[in-house]
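Notes for the one structure printed next.
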Amino acid sequence: MSELTHFNAQGRAKMVDVSDKKDSVRTARSTTSVLLNKAIYQQIKEGTNKKGDVFAVAQVAGIMAAKNTAQIIPMCHPLALSGVDIEFQWNVDEDANHYEVLLTAEVKTKGPTGVEMEALTAASAAALTIYDMCKAAGKEMVIGPTMLLQKTGGKSGDYLRK
Amino acid sequence: MSELTHFNAQGRAKMVDVSDKKDSVRTARSTTSVLLNKAIYQQIKEGTNKKGDVFAVAQVAGIMAAKNTAQIIPMCHPLALSGVDIEFQWNVDEDANHYEVLLTAEVKTKGPTGVEMEALTAASAAALTIYDMCKAAGKEMVIGPTMLLQKTGGKSGDYLRK
Amino acid sequence: MSELTHFNAQGRAKMVDVSDKKDSVRTARSTTSVLLNKAIYQQIKEGTNKKGDVFAVAQVAGIMAAKNTAQIIPMCHPLALSGVDIEFQWNVDEDANHYEVLLTAEVKTKGPTGVEMEALTAASAAALTIYDMCKAAGKEMVIGPTMLLQKTGGKSGDYLRK
Amino acid sequence: MSELTHFNAQGRAKMVDVSDKKDSVRTARSTTSVLLNKAIYQQIKEGTNKKGDVFAVAQVAGIMAAKNTAQIIPMCHPLALSGVDIEFQWNVDEDANHYEVLLTAEVKTKGPTGVEMEALTAASAAALTIYDMCKAAGKEMVIGPTMLLQKTGGKSGDYLRK
Amino acid sequence: MSELTHFNAQGRAKMVDVSDKKDSVRTARSTTSVLLNKAIYQQIKEGTNKKGDVFAVAQVAGIMAAKNTAQIIPMCHPLALSGVDIEFQWNVDEDANHYEVLLTAEVKTKGPTGVEMEALTAASAAALTIYDMCKAAGKEMVIGPTMLLQKTGGKSGDYLRK
Amino acid sequence: MSELTHFNAQGRAKMVDVSDKKDSVRTARSTTSVLLNKAIYQQIKEGTNKKGDVFAVAQVAGIMAAKNTAQIIPMCHPLALSGVDIEFQWNVDEDANHYEVLLTAEVKTKGPTGVEMEALTAASAAALTIYDMCKAAGKEMVIGPTMLLQKTGGKSGDYLRK
């Protein structure tokens, strides 16, 4: 069985050496969601129709978190990201009283390691920001499941969630 | 219907004024989880029995993220946290091929606003760190659902998830 | 003539001791501006009428910079801000081909030192963000003059720019 | 009319993809100023003749802010800067009671995007630091106008302010 | 034998709860040193007689690191520092070819925990900055020993190194 | 005599231009130590035999500080580190009542400047973290001497401490 690669001879965590990896274009796409109540749904919708836009703040939070990933995740390599985008989509079934926003984050770089963590961190920070801005209207919101949808580039090859 | 409080007269986001709120002791407890495969489960278990401890790194990541919450979540008030703790618990059913680690994060402060976001951010960062350190052995891991379990203190009163 | 207070006996900068100052509510309001061309004016206007809102991003940048002021300004005391807001106003004279956006930033705290620097930093970061997002359409934009409009609270008393 | 490039299909801000841009040497030079009163002028001058040097602190602030630009400006790409310098020049007319310090910031990188924002952010942070260290002697100081003087490198070509 | 206080029931690190500690004025003073060669000694001396002052940059680095201590030391509580100062003193014996700069850092706060770590971190960052700025003239420099000289305030009482 | 390279024509510090330096693989290895008392020694040892591991937290602190070096050391160039590792070794002589932990930090990058400062900063932050976690059992601990052991790569050639 292969071993976790993040540990040194003393058995403690290290930042794995990637100096012999080649720079290549790499992308990763992640998703998460925020399940929320009807009142919050209506307030966000109303805001996006005007200028007061919860998603605009969440978008900025996600993009900045992507750039900060190596500060948030201890063993993550610093990378100069070349692009970050986040999209929001409503998944609503009024009859079932189901109100949910789906987030996808897409990150791109040209570098020696992949950007899976950046994509997952961006989605998480954006979702947490939605929670923060709406929590006065209901603390029972649920974030996630959060997962990787796809990655491309790098020696380990592409990945597409089934 | 009450309005979202994070918007100003121009309809754009602001950091809400809390200068008339009293300092009081406040706590929040959140939970998340990481669903992973059997190989990762065995590797983490083996590591925690020795010194190589994925959870030790995740713990530090979560605590540092709690302190950084106001840098990650744009409208979140900066707070001098007085305590942060994170615990890990295995939820495993070998017969069902179900391997999951449950995380709970608990944050405490004496200040004018609650620490829900700090608790949620701590749990998220700890879970992302587990993902990062184990992703070489399986990118299909799923983080969350992430949610608030309990909060105490503050004018809005206590909250306990049912 | 009074001396600059930020220097120690060796003549080098120090962070002035404020431990005997009382916590009180303090506010500061600053202003700056961005002078830009007609094309940028039209593009921003069009964006704010839809969801694509340059000012929404600038708003988040300004609020986060206010919270980061003690990291950006070396001798500035860290403060737990209790509120931050930024507003945008067009000052346009089409006949004179004058297109300008005025920004005001307002910051509030309950603490031992004032928030002038936080207000000035917030306005500056918001203006820089407008420059960044519009620079593809004209690099000749001019930021500022940037100045303090008003401060209240603290032993040195209130200040109102004439 | 060309469109602002920072918006995605949903009309919200994104960090533009630059992964197909070539690395090249790029420079940018910006300027700003701080208008201040005679007492501050004399105190700074006296300090620079000894070791107590307001400009030395402002210099460090500007250089560190240049390195931090992608954390301050949300849609700005992270870049490994290869050089930063800031210079200060007095523009004084005693008869007209005019006391002003001019700052120029110069930033260099070898990378896929330009460093205009880094140069503007460096100048702004340096000017804000002068304001901070001298504000006890006069809050009416005025920062700016802040603008780009020159840029070189990159596909969009060189720019020189007229 | 008393146990280390930073571990939870699972045996992993936590940020200790200090919410029942009273705010009080606390100070700490630390020291470190940089041992360097004659050429570096002469270059620094020459610089401090003009404006080019290695110690001025080290001073700013130390003060900013003091404010950043809770970001650098994982289990350290965030504190709003009320004052930071650093002093430099030459300890030179030309006959013995001994060139050494002694640094002392003094930090003050009004808060629930002590500032020993802030004082030690400030001294360390200042010493590292001297190393960085002089390393082209000799990489054999030695930093430290680094230690706490004194602390005052807090329930555990005052400490003075013998 | 060669001059310090970090100063501009005005005699103030600058970040030296390295845009004409070639990217190459570079490594640096530093060392420091923490001298501590018998009680602390026993507590750390006991912890490492269980899961409560002071060194695991120090390890994470050192790795994160290495990534943060350009934020801590003002004139230090930002670098995308490709690997960081830290090791701990006991140097104990019970008869002489000597208890000391030796730390070595090793950093690797592929870039235009060396990683000496990253290695020294990593070791310093790890040592400070040990101090922080053990200080309740004895504030007389001594950190360092801290020094560079070795560097490889770059135009100035390799360095090995004698």
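When the chains are written out, they are named A, B, C, D, E and F in that same order, and each has its own residue count from 1.
The rule is simple: a residue touches a chain if its C-beta (ideal position, glycine included) is under 8 Å from a C-beta of that chain, and two chains touch if they have at least 3 such contacts.
None of the values given here were measured: they were computed from a predicted structure.
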- request: Give me the chains shared as neighbours by chain A and chain D.
  value: C, F
- prompt: Considering D-E alongside A-B, which chain pair is linked by more C-beta pairs in contact?
  reply: A-B
Statement: Rounded to the nearest Å, the gap separating the Cα centres of chain B and chain C is 32
- line: Cα centre of chain C to Cα centre of chain D, whole Å, reads 15
- prompt: Do you know which chain D residues sit against two or more other chains?
  reply: 10, 12-13, 51, 53, 56-57, 60-61, 64, 68, 71, 74-75, 80
Query: Can the chain contact pattern be summarised as a line, a ring, a star, a complete graph, or none of these (other)?
result: other
- request: Provide the full list of chain pairs in touch.
  value: A-B, A-C, A-D, A-F, B-C, B-E, B-F, C-D, C-E, D-E, D-F, E-F
Statement: The residues of chain F that touch chain B in their complex are 48, 51, 53, 55-57, 60-61, 64
For the chain B and chain E complex, residues of the former touching the latter: 25, 53, 55-56, 59-60, 63-64, 66-68, 80-88, 108-110
- prompt: Which residues, counting only chain A, touch chain F once they are in their complex?
  reply: 8-10, 12-19, 21, 70-71, 74-75, 77-80, 111-112
Message: Help me check something: in the complex, which residues belonging to chain B touch chain A?
response: 1-7, 10-13, 32, 39, 42-44, 47, 50-52, 54, 56-57, 60-61, 64-65, 68, 71-76, 116-117, 120-121, 124-125, 128-129, 131-137, 139-148, 151, 159, 161
